[in-house]
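When the chains are written out, they are named A, B, C and D in that same order, and each has its own residue count from 1.
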């Protein structure tokens, strides 16, 4: 696969170009709405460290919900299986920001990748860390090797000012006794996590432990057990792309996590981490060109987990 | 009806006595949980001002959701039909504090007597009054003739500390653009309204305008139009007693509004205002002995609106 | 009220004329779709038997869901309070033909006026009567004094061919063990009930027992107890006009039951029965001109139950 | 993996033995309730045709919902992507026999593995085949190589007599215009499909095309395209095990389809088909020992797709 990968990536970039203007850039906060839609980057990092990339693969962008994946990994490192007392592992079947299921299931979120679940995970981190946003940034610097990455304070503040829906969820969970920290504290951290900025190359490298039995590539250090790495991959496949996870698995067939900033991180077990970025979104909130690029990738390389 | 009313009320008090120990006193805040269950009071005030009462009819109690009725009247006085842009007029068919319907109906509450609706009404009052809690207290002093009544600050503060579910609703409505004032301000006022303390006699007198074509009895002053008074009565009948309104109409057949403090205010058009109080609640959150007392009242006097 | 009633009814007819062309005639079966929209009739029958009418008040029309009221009365006569083991007494808060609530409430319909509830009532009648459709027709002939009335077989058959939604509900209830007779038998009877044809005068007379303490006017015979008559009135007020019952009570303030044939039957306790007919429907499935006519009636006569 | 597989299977059988008495045998029809709980069989068939087995691996059992997988494959063969106009590809997030989602999504089932979806697939087959039950049996004889397999008429008839919930769904979809054939015809076929009896060895062999790029092993014949085979695998992973698919993917990490007869069929792409059978079910309706056996299998062999 790797010998022809550089040209494969370029071919993908060429093929998705007509789609770049068709998606809709997220506009729920002004700071995201200003990103130009016509951008595309893609990066692949092999488990032995080789980097392949095309387009805007080194351009930092707002990782948004992709942060939910790394917040989960950090919580799993500190809490282990205790995490599953706070969130489930099932697809929700409803919108990522719905409160309906939360009511019938007494404030226990279905999985860590819907907003309610990510707020529960952030609550865990708020208990463990004085400043969970700094802890997550440290972790991502280490995983990506990019020591300069950080969250964008202006974006974080803007998210915070538009966080009524998340505040509703957090208060709702708290009303069921499922929130240990003050809602304001949890929302501050959550919004900062969403505002972290990374490039495709950063993210493709940061997920490598999930493709490599839980180990940091090129080191003896283990981020999490091989078994847990596999399980997080399963969770990404069933719940990682909002309420289009079934269709994404059907079309792409790779564990992945998307964000409304237009990024999608994915991986092939034992082979590589991937990340694609294009800000125009489809109706489900996933990058329109990004999903298409990943589908082309699995078609052209013949690689998927199925 | 009035000639034998004093003895009728005593008979009712005697008949419901065995029920007093069967209800469950509201315990969601510590301050309410300490009220002894075995209390019962009932008052009737005729449109020409005669007072009939039995038991603890002069004992002030926490009016809780009965405040939703008077908050609505105050909002109708200041906004007129503009109020109906903020809340509907239909029974919700779901629990008084459910968020499910609010999600499918984009943050527009079904009626002013469920919590979400009362928060919307409070938001209106927060826009109109610097301190809506004082405005409502003034109004109730005037309607009841009891110039000493007030809200209980300790109860209000306790409600406020346990208001995550209401905070969830308020933030949720705000996320749909349906909340003009800061959530904290609205919750402060809402919790103070719930903590107002009045007696059965106070409340039976305070609803008289609804039984008297919108007029304050014994005066030329009009609180609201005859047509609007009738309409509020209709709303009380269809939506006034949590999600047991249908059963309450079936058994009692009077416009009414209940509160978890154990009070139920009701009225017979052109005849009288009524109020019953007993802190033990049934499964729907209505006073167990209170509902029974009102059913006995309509049976013994042969009066209902049907 | 009665001295000027003839001219009041004519005035109402004149005022609603512009609305006649604005409603939408029911079209879910071809037989109903052919009725001309621009028709209007209204009748009032006093408890002492005087008849007042205007327009097409003697024109028979398809009573449709108004049959649910008379099926309930027949079931109450044969089963008494046993009926309430099969249906509740609460507004549903959802569409008249929704299956959602039925699932969460294990096949027990909220009230006898939504389709699921009427199917449960029909199931009771199927157990009691060899041909419930004939029993209901007999009952309505007696109550209306019109011995010629019957159901329209062509309409009944057409309803039956388009009854998949009702079949879904009936099978669903049966899957919860809440249907004693074969689904096909229940649907046959239900569709025949809907296809009964009566005029405004017939219907205004047929509801008189509900306005007259349960008694048939001009006779010693009692259809049901005074207490039960009042209770059915309460149920009509809270649940009688699809999911617009709250708004109908707010605007009109009378116990009523509507049908998609364009009829609405109503009553003033101790005073009279009423019926209005106009085939054009509003968004809730109630007669557009009919609701307006009833609102005008209560405004012009100053009569409502509130 | 294969060299030690025989002993691995025996080890699994030994380890799950204590669980055999803990599950609950399906009892919604009398014919299933009589199967003894304490049975266990497991079979693995490699893509090159080698068979490994333990316990009751040759005992035929009622495949029940596993038939949904093969009905889907048959529909895909005849209709291609037209199938996706009739069913979605998303996890439902609700119970396999819920009607709630069907109402809000206008009769379009979420995926072909919930009951509503399988009824839609059966409707397709009813249009294509005079007797779809025979067509499916023929197909399964060919895929499994067992020319004697058939459906159990007694079980099929019993299912049919207890099919009110499925009848409700089928009529409901038909009311949305989403059912081409008479409901009775579709239910007859559906119930016969569920009543097909096969052994673990039969089933492990029958799924081999999904593990082998869509090809029948040992032949040039293609059942479906490589791309479609991968996609069906993705669908099994996200939707194959009732509303526990997320947890199953998390624990086992293989595409699978379960049935309330206690069977679970699964596969490892490019490697093998698997089937496990044990009639005692867990709370989600999956074989209790079966899920545990598959989890042990992936742990002991180190094989999963992640």
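The rule we apply is simple: contacts are C-beta pairs under 8 Å (C-beta built on N, C-alpha and C of every residue); 3 or more make two chains touch, one makes a residue touch a chain.
Listed by chain with UniProt protein names: A, B, C, D = Glutaminase.
No experiment lies behind these values; they were computed from the predicted model shown.
Under the contact definition, chain A (Glutaminase) and chain D (Glutaminase) share no contacting chain. Both chain B (Glutaminase) and chain D (Glutaminase) are touched by A, C. Of all chains, A has its CA centroid at the greatest distance from the CA centroid of chain C (Glutaminase).
One simple way to say how far apart two chains are is to compare their mean CA positions; for chain B (Glutaminase) and chain C (Glutaminase) this gives 32 Å. Taking each chain's centre as the average of its CA atoms, chain A (Glutaminase) and chain B (Glutaminase) sit 48 Å apart. Distance between chain centres (mean CA atoms), chain A (Glutaminase) to chain C (Glutaminase): 56 Å.
In this structure, the chains touch in the following pairs: A-B, A-D, B-C, C-D. In the complex of the two chains, the chain A (Glutaminase) residues touching chain D (Glutaminase) come out as 88-94, 101, 110-111, 227, 229-231, 233-235, 237-239, 243-247, 249-251, 253, 255, 269, 299, 304-306.
Interface residues of chain D (Glutaminase), counted against chain C (Glutaminase) in their complex, comprise 98-100, 102-104, 164-165, 167-169, 171-172, 174-175, 183.
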